[in-house]
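Look for chain A in each of the two complexes below; its partner is chain B in the first and chain C in the second.
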Partner chain A sequence: MTTGELAVPARPTNRFRTALIVAAFVAFTVATCIPAIGGIDLDVGAIVRNWRNGAGKMLQLLQPNFAFLPRTWAPMLETLQMALVGAVASAIVSVPITLWAASPTNPNSWTRITVRTLVNIVRSVPDLVFATVLVAMVGVGALPGVLTLFLFNIGIVVKLVSEAIDSSDHGYMEAGHAAGGTQLQINRVTALPQTWPLFANQWLYTLELNVRISAILGIVGAGGIGRILDERRAFYAYGDVSVIILEILVVVILIEIMSNLLRKRLV
Partner chain B sequence: MHTDARRVEAGDIPASTSWPVELKSVSVTYPNGTKALQDVSLRIEPGEMVSIVGLSGSGKSTLIRTINGLVQATDGTVTVGPHEITGLSGRRLREARGHIGMIFQGFNLAERTDVFHNVLVGRFAHSSPFRTLLGLPTKADRELALRALDSVGMLEKVWARANALSGGQKQRVAIARALTQQPSIMLADEPVASLDPPTAHGVMRDLRRINGERGLTVLINIHLMDLARQYTTRMIGLRDGAVVYDGPAGAATDADFEQIYGRPIQSDDTLDARA
Partner chain C sequence: MTGLQTPVKLPAQTELQTPTKPSRLWSTVFAIAVGAVVLVAGAGLKITWSDLPAMPGQIAHYLRLMFEAPNLEKLPRALFETWRSISMAWLGAIMCVVVSIPLGMLAANGVGPWWLRTALRGVFAVIRAIPEVIIALILLTVTGLTPFTGALALGIAGIGTQGKWVYETIESVQEGASEAVRAAGGNTAEVTRWALWPAAAPTLMSFALYRFEINIRTSAVLGLVGAGGIGSMLSNYTNFRQWDTVGMLLIVVVIATMLMDAVSGAIRRRIMEGAKVRDVARSS
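Moving on, here comes the complex of A and B:
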């Protein structure tokens, strides 16, 4: 070890990033504090004034009416069916679309950009908006729910998996090209097994999400447990509402445990 | 080519014929303006065992990639056997590539795929895409893949996943993949740069054996002078994208290497000094 002054080079400063952070902070403060330009007008007083009312509701919610449980089986089953059908249908369709949307598996930039743009448009529409529009188009029931979940899932799987493919190492593709393979052959024999765990992970994730989302979709008429939840709430039957919420909680946790177990076996 | 495969199956012709390679005033300039090759002309006869040596960045990979069209020559012509590679694209380029085997420094295997399917990649250009999509190789393709694995001593690993293999085993599988093409020429881009010395010698011996037994034209990019001398018969030296040496490999002197490298010999220019 030598002693004396170390000639440490000056650490580069990132002015751009600093400026960005300051700008974001200022924008946040302005947006939340000035109601005139669209800030949020939080009335803390209202919470205090309505407290008695809210406390009463809470008490009712804390007394679940378990006698109502049998009437929830059928709608809950419908919710699970919607979640599963949506997840499976989107899983199948997501494979070719994802390979189209990633650059290693689709060197043609025109088709790639087109597919990506379409998927981004689908992703930018909130799921409740899809459900509302689809209910208007195909009528009340499970079908608009399944279609909503399908579109929603495609958006998630294609975006996340195609980005993972983009950023992964793909030397094997070079070998496939060097051997005179077509892109389709290379994708089928090497890229698909290579990316299969990425897909499986996202498919399980969409199944989890679907159970949660389809509980809400019923509120706009797209079938499942959400429809009956909305109905009981409209009748102020908070004991029933509380049973339904508990049931959704249990089912979501069960699905998550199952998909975590599956996920461990996949890797 | 399909008729060829059938005749091979019947066992009445040798697996492949060996091809010459000819480069005429080949230059490569990458889109970012880097001149990687400048006016390279050379001819390699069928069955030759040639090393291409030079420092990192001298253009070895670029040169070998112009031979199978992975890199397009900006100028000049590349001819491999009956194919003028520089004039080909699409289906006809893939067909030509089907006869040009290549192995890589990083092995380039699909890590999560088993050895068998990695090796079948070598049949892509020779089989109908329809069969590939259905995952149904012909009996002849299957046979070729298994024989190639056997010839590099990797048959027992046929159902192992590529990521379960050691570096030396991976490179052997990659050689088997190239042999499954029944190539007429074999390209190797720094095939032993990621391997420890004993394994490196093993892979170099495999390449020499392929050259000897099948009379296959073999081109090896290598930056280690002792391996070039020991395993190849002709050496082409590159510096800054130009050919600065072309002669017998075994007789190349240290002075020849210093001239190719443009600097004195260092200890990491040889494999055995590193061991």
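Moving on, here comes the complex of A and C:
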């Protein structure tokens, strides 16, 4: 053996596994591109042919018509009200449901699994789908919007906070058990004070989300700024549309700044 | 020295010198203010709250219409449209990830030059602020009312968040490896290839799958504006008030979403946590 050369062992290879993963990836991707079974027709030609239409729209969007701004105040206020009411209502309801869905705070596995399954079902329905169905049920207006946000927020808060409770250290709750407390007492005196910061964090997050979501809920008739957005778009008034988008952008950023300030104080 | 001469008398009851309770004035005022704002907001909404007690009954009525006997006649069509939604989500996720990984890397501290970083972060922030539906509405004028529009919209709309995740991941990678590469004489490209990428790749792949999960939900939303897929079908049958079909479609949406979440979640865990250590038969 010449000096300076190490007896390096052969690099471990995993060619078979890599090939399998790549094959699965390619197969799935190809299957999503076959229109005959529901896949997507990747019509790149359309982009080449019609890109001018989109560019034209973008150009119109880049010329916001600020004269339209005063007419957006009322719908924007409605959006904020919907976001706030939805977030607060869900915050109140989310506390007991969360404690039901976490295993340290609810030792009964049957109720726990039932609650979790229900929450998971609610979570897997997209927000605008809720809104569409609710608008058909209770009529056009702010009510279906608030209900949509309420359901959507409960899904988020319960899932995230109950998982956090599950994975946290429950020494303090065992102390409660050892002292002879009932489950209700333990939850109230030990679990709740420990989880307030988690709850507060998620509530603020849902408030932020709600402002974003309620901006588009109006498209299906659930009230707020989305209604006027959809209306102006239907009139091809892209200058007005871009003013509304800018307004949503500003409001979302303001809400985020506010909730970050609050979060620093609360958490 | 008086204390020594006259021994301190203990009070009959041992009283603790508790400090005075800290003032809760401001938190109370704050809580009342928040409560007032919420009440005003609730009162300001054009909702006839007196209808609310009748609501549960009404909703139960519709739920019965939807789920008592879901209409399975349209099931094959629904499965076809579900696959279309999944395709939209998948291709959108691929487009989004392919664009956002290089851009996000360039936007990370220590990789791209500062002007590029600032510009890219600005672009990400603007895209995050625009709802997907609006992006889809612009794209409609280019590619028409097709699922391809939906996939493109998902691909573009996701870049904002995905790019942010990418640069945050790259920035959270431990310094050690990049310093080692730099000490060995590597330039920025080599640092990215040999230190940052290997450390960040699992997280980035996991985020890519997560994007797919998000897109599955969003693709239903895009369907509502006419991009096709299960969302379009759902919106149509809701407008026709064919509740038994709507019920069936909702069941399909829920099952498909949960199934995809479960599969993708399992793969993500496998990527992040690595292979389970197989029990090596040590004895007997």
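Going forward, the second predicted complex is superposed on the first by the 229 of 267 C-alpha atoms of A that agree within 3 Å, B and C clash if a C-alpha of one lies under 4 Å from a C-alpha of the other, contacts with A are read in each partner's own complex, and residues count from 1 in each chain.
Definition applied: contacts are C-beta pairs under 8 Å (C-beta built on N, C-alpha and C of every residue); 3 or more make two chains touch, one makes a residue touch a chain.
As the structure is a prediction and not an experimental result, all values here were calculated from the model.
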Exercise. So, does A:Ile113 touch the first partner chain B, the second partner chain C, both, or neither?
Worked result: neither
For this session: Return first, second, both or neither, reflecting whether A:Leu61 touches chain B, chain C, both chains, or no partner chain.
Result: second
Exercise. Which holds for A:Ala179: it touches chain B only (first), chain C only (second), both, or neither?
Worked result: first
Exercise. On chain A, which partner touches more residues: chain B or chain C?
Worked result: C
Exercise. For A:Val22, is the partner it touches chain B (first), chain C (second), both, or none of the two (neither)?
Worked result: neither
For this session: Could you look at A:Ala46 and tell me whether it touches chain B, chain C, both or neither (first, second, both, neither)?
Result: second
Problem set entry | First (chain B), second (chain C), both or neither touched by A:Met258 | neither
Seminar exercise, completed: Per the touch rule, the chain B residues reaching chain A in their complex are 68, 70, 93-98, 100-102, 104, 106-113, 117-118, 120-122, 124-125, 129, 132-133, 135, 174, 177-178, 181
For this session: Could you pull out which chain C residues touch chain A in their complex?
Result: 37-38, 41-42, 44-47, 55, 58-59, 62, 79-84, 86-88, 90-91, 94, 126, 129-131, 133-134, 137-139, 141-144, 146-148, 151, 217-218, 220-221, 224-225, 231, 234-235, 238-239, 241, 246, 250, 253-254, 257-258, 261
Problem set entry | Interface residues, chain A side, partner chain C - complex | 28-29, 31-33, 37-43, 46-47, 50-51, 53-54, 56-58, 61, 77-78, 80-82, 84-85, 88, 120-121, 124-129, 132-133, 136-138, 141-143, 146, 212, 215-216, 219-220, 223, 229, 233, 241, 245, 248-249, 252-253
Exercise. Along chain A, where are the residues that touch chain B in the complex?
Worked result: 171-172, 174-182, 184-186, 188-191, 193-194, 196-197
